[in-house]
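What follows is one structure encoded as structure tokens, with my remarks underneath.
Chain lettering (A, B and C) follows the sequence in which the chains are written, and residue indices restart at 1 in each chain.
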């Protein structure tokens, strides 16, 4: 069992992901914005973050850069779970590993079971 | 009191202690300046802790004993908010900041300030392809650092010819004729345009979209090769 | 000079992105065996496509729209009732507030679609972490009947609205990512209102931000009590 923070702007989708992960016996928190997520990381202290990159106002990439400037958060795994198409994702040309990203999941191709398995 | 005033562009932010941040700025005349912003992280309402990335600010600092000065005040002059409104632009923006931070580690020139400032201005324009701005940034960076690629003559000092395919020799910084696959002269033409013109001017010319990915590939690899920028 | 088609590439990108999430949600709901909201999600997506088709139909020719007397307050109640399930799924309550009962002459269906898209636009911006309220306000304003939709969670400014119009009106744009924003609904509302000779504006009411539009009341009509 681990603590997982879902950063997902769509509340309906977030509820589905949360239910699936709770069913896998994880403790799950949810933030809808990058700003809220920073507070949540501080309070909730997750082991893993599941992050949607495509968010309004401050996007997931900004969150990642901000997050990586906190040295006491090194070691929290980040899984990108996004609607951003792989071709667009590659166009961003970001060094994801340096930002703590361990996995990229394309939402339309990822079932709830696959998400549970990735986090396990 | 050793107080001074300068304009600066934030290139890095690192947290320090419970509530402080150490911010690295690029300035026109003082090079890289590191300042500690005390207590900014107690202000929870701002993602940036009060000092935004992709912005230019007027800064007042007090000279510290060591390498880190103390930031007294900041006044935001320009915030390039379109950069954070688009993920490709945000990625490019962070890319530029990381590169400038790396290349100015040991040496600084005034040109780097105007490079990053202009790069943000272009990146902030929604009608300009971010990839074009990226290519322009790498072109200017190579120029500043003295690694401008040769775009008139090939490795054998022969003029580059139309309707031929070329490969790029990174150690020579030149194109070489290819018998089979390679880059077309459209890519070379675009690279020539990038050496002389701004992204806005090139955009008005048009017809460069197809050549962009290949030009970006050559230019970024060149920068990695010569400037040892790790990706 | 050719008139730009209603659906340009930017709007098409936005529509694609806005349909992706509901379809993904449906897929995951089926996988989870939780089908309670399937009807709501599919209806909402179908309505979006119908509204786009309706705008295309109106912008193709010069349609003649039959006008009829409309009580905006009643229309507002109808919209609140219709969209309550959609809002509840986002932890939002819809509160109609009516301070004006004067009739206006307009094409009922077009006005209804425009207003509903204004409301759905604002609802889609709601983050849903904590309960919030969207107010549908009908009021007298400068001699007109103003319908406004307000929320404490909206951030769009007049400049954003202007840029949205330019983005979808422009004929030449580089490819750009479309971030999560309900521009399609707002653009539909904007187009439908302009077909009726009305304007969508950003507005503030009781310190809440949102959108509003005003109609001139009909002096020849009174509602029979």
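The rule is simple: a contact is a pair of C-beta atoms (placed from the backbone, for glycine too) under 8 Å apart; a residue touches a chain by one contact, two chains touch by 3 or more.
Predicted, not measured: the structure shown is a model, and the values here were computed from it.
J.: What chain pair has the highest count of contacting C-beta pairs?
T.: Chain pair with the maximum contact count: A-C.
J.: Would you identify the chain whose C-alpha centroid lies closest to the centroid of all protein C-alpha atoms displayed?
T.: A
J.: I'd like to verify one number: the distance from the centre of chain A to the centre of chain B, where each centre is the average of its C-alpha atoms, in whole angstrom.
T.: Chain A and chain B have C-alpha centres separated by 28 Å.
J.: Which integer distance in Å separates the CA centroid of chain B from that of chain C?
T.: About 41 Å, centre to centre.
J.: If you average the CA atoms of chain A and of chain C, how many Å lie between those two points?
T.: 31
J.: Pull out every residue in chain A that's touching 2 or more other chains.
T.: Counting only residues that touch two or more other chains, chain A contributes 54, 59, 84, 88.
J.: List, in ascending order, every residue of chain B touching at least 2 other chains.
T.: Expected reply: 87-88.
J.: Where does chain C touch two or more other chains at once, residue-wise?
T.: Within chain C, residues 177, 179 contact more than one other chain.
J.: Of all residues in chain B, which touch chain A in the complex?
T.: Result: residues 13-15, 21, 44, 47-48, 53, 84, 87-88, 90-92, 94-95, 131, 134, 220, 231 of chain B touch chain A.
J.: Please output the residues of chain A touching chain B within their complex, sorted ascending.
T.: My answer: residues 34-35, 38-39, 53-54, 58-59, 61-62, 65-66, 69-71, 84, 88, 91-95.
J.: Inside the complex, what are the residues of chain A that reach chain C?
T.: Contact set of chain A toward chain C: 9-13, 16, 19-20, 30-33, 36, 54-57, 59, 83-84, 88, 107-108, 111-113.
J.: Spell out the part of chain C that touches chain A in their complex, as residue ranges.
T.: Within the complex, chain C touches chain A at residues 17, 20-21, 23-25, 27-29, 31-32, 34, 37, 41, 89-91, 125, 127-129, 155, 177, 179-181.
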